[in-house]
């Protein structure tokens, strides 16, 4: 090969970039970064004392959400809120930070949305909705940060959800992180080459999303081949036993108390 | 040209780089070697502004590269034009439907006339020996072809510095030789070459300097390539061979 | 368009979840029968893809950006039944594992985004492409499908919101969930979707589909072609319109409160909207004085406040004790 390096590569580029609106790249990158950091910290790190069994947590949080949503009694809401606060107080600092961030954001957002209504005379109901939202979101967020993702499918199975959904869910979880990393790399590649003004921003983003889909399809085919090779028959076997220890008992007891209070109080 | 002063980076689960200080002059060709997990890839990303160090200083041609300076779009764009990065995973670097567009992407952004853009595309295609791939779909190309298209796309920006992350990985011997020749030619033309690599067999004569990153994520040694390569005891102690 | 919890009454959530059960069941059946188990990985990874699609920030000419739902795109690529499952799973992951909420409202969100949107979109797309075979027709079909389906889904969501004040009222007439009636919720949701989100969806759907078609056309023609007869479209239309049946005749459709329309925000789609620093003081004292009225002894209130106060203190201390988080990766 004769190294005919072209002249323009030999000289430095005297280049002054023009303005362009490409915030979408950065915002997408941010989106994916936070997704991936969440995916990496899958919650429930093994520290010797295992967390509460996922099944209990999921059922408990669902029940809590239902009761809060149904409740028209302010005392009940206060009780539920205090209970959630107490549970939060017993959690690790990292979880608390995540929960606080989300509930603050959601509280702000909800307040803004309800502001017009509040101003036209329904301030108290609007406030109650905001409170309900804060409690609900905090509880859900806590469960989500403190639960090992892999244990969720076991919990779903016990809830008698059809096999196909659980399988799809499992696979999806695994690939959200993988594909997410790939998409992030592509976004970085786009960023690095966005050195000026892009007249067709869509093409780049479509290219990334499109390539992501093709990659997905490719991985799906590989996965299918691997499954075939290992004699996958379509059945999904779950071997984990239901753990029922102190924490689970405490949670169950707590929920029962809450239900009783709910039923007992007037106006519900 | 490039000056790192006591740069450190950790990512929550551990340290990637610790107290890295380097000074690289224009036109040098530097290899970064070290055992797996020592932080070479992170360093490559850092040099291109994809990750930012928690501690330390990065000066690119006298300008500081940090979160603040990169927030200025003009600075960031100019920086990215002057420093080209070849990813280890070429798949992630290609997002256009056709090779021609992939290579034209950068020059078009820079506001060059269509004629100039065409010239650059043609030159890059020829230089990398991929002329016949002009209308092909990048996604469906072979590993070696993708690598060359990615390199062409980066070269089209005419960067002064080329950062290459394991450029030889996944290539067949013929391609490795070819790549070595190209990178050598680019270095001779005045480009500064920074390259992380495991592949010692195919890079003869390519690098003048070697920077060894130890398993402790620090700079273990900096010196002439031939000297370090000859010191087998050292390399063994560093888990490089 | 993602509906959070506590905006819809549990009754509404229950109805919509019940409506989804046969849809899910049918989707499973269709997916299993039409393609063999080679499709399982594809569904899972399709769900992952569907999830990731919602993360992209998409630019519009003029500088605004938005997010796409992608349900029509997925329906065009994988078929509507697979799309239903993929989007449902993606929404589930969002709700539970990322703590985005919308767990009680999961059925409602699936109804809007995993049923109405992909099926309507697919129906429109097929309707046009079955009758006109040119490349332009296909493009137009996709544009129409994406735009109409998204906006219709937004309309359905708006109706779900707007019905709340009618069907869920406290004894004193105060709203319990979404306080905005149809006259507010419909314009508030549909206008931004018609003007902005619809175009975001169109650009994204058309762009990605075109890219895939150009790069790997084989993938698209390989998908199964379920016969969408007109009757399905009718059924879909009827199901979508049924929530309106809850509407009593004679309610104020024409009331357009001008100052309410000014505050145009959508459920959960960030449209570059940055709220200025507004503090919503969560004052415990506001809640507690009421329990005397609800017939519960006063000492319980003291216990609660003590417990709440102590919890808050502990939480604050734990937060303060956290190591400073670093921002290592640059966006």
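Which chain is which? They are A, B and C, in the order written, and residues in each are numbered from 1.
Methods note: contacts are C-beta pairs under 8 Å (C-beta built on N, C-alpha and C of every residue); 3 or more make two chains touch, one makes a residue touch a chain.
Keep in mind the model is a prediction, meaning the values are calculated, not measured.
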| item | value |
| --- | --- |
| Contact graph of the chains (line, ring, star, complete, other) | complete |
| Chain nearest the global centroid, as defined over all protein CA atoms shown | A |
| Which of A-C and B-C has more C-beta pairs touching across its chains | A-C |
| Rounded Å distance, chain A centre to chain B centre (Cα mean) | 34 |
| Centroid spacing, where centroids are CA-atom means, of chain A and chain C in whole angstrom | 15 |
| Whole-Å gap between the CA centroids of chain B and chain C | 42 |
| Multi-chain contact residues (two or more partners), chain A | 22, 203, 207-208, 211, 214 |
| Touching two or more other chains - residues of chain C | 211, 215-216, 329 |
| Of all residues in chain B, the ones touching two or more other chains | 12, 50, 97, 139 |
| Touch list for chain B against partner chain C, complex | 9-12, 49-54, 67, 70, 97-98, 137, 139-140 |
| Contact set on chain C toward chain A in their complex | 4-7, 9-10, 13, 24, 28, 31-32, 37-38, 40-49, 51-53, 55-59, 63, 65, 77, 85-86, 88-90, 92-93, 95-99, 101, 103-104, 170-171, 174-177, 179-180, 184, 203-204, 207-208, 210-212, 215-216, 219, 259-260, 263, 265, 275, 278, 280, 282, 284, 286-288, 290-291, 294-296, 300-301, 304, 307-308, 310-312, 314-315, 318-319, 321-322, 325, 329, 331 |
| Residues on chain A engaged by chain C in the complex (per definition of touch) | 21-24, 26-33, 35, 38, 58, 61-62, 65-66, 68-70, 72-75, 77-79, 81-82, 85-86, 88-94, 96-100, 102, 106-117, 120, 122, 124-127, 129-134, 136-137, 140-145, 147, 149, 152, 162, 164-165, 167-176, 178-180, 183, 201-203, 205-214, 216-217, 219-221, 223-224, 227, 232, 234, 265-267 |
| Chain A contact footprint on chain B (complex, rising order) | 12-13, 48, 50, 73-74, 77-78, 80-82, 84-85, 87, 89, 91-97, 101, 105-106, 108-111, 119-120, 123, 126-127, 129, 139, 153-155, 157-158, 160, 178, 181-182, 184-186, 188-191 |
| Contacting residues of chain C [partner chain B, same complex] | 211, 214-216, 326-330 |
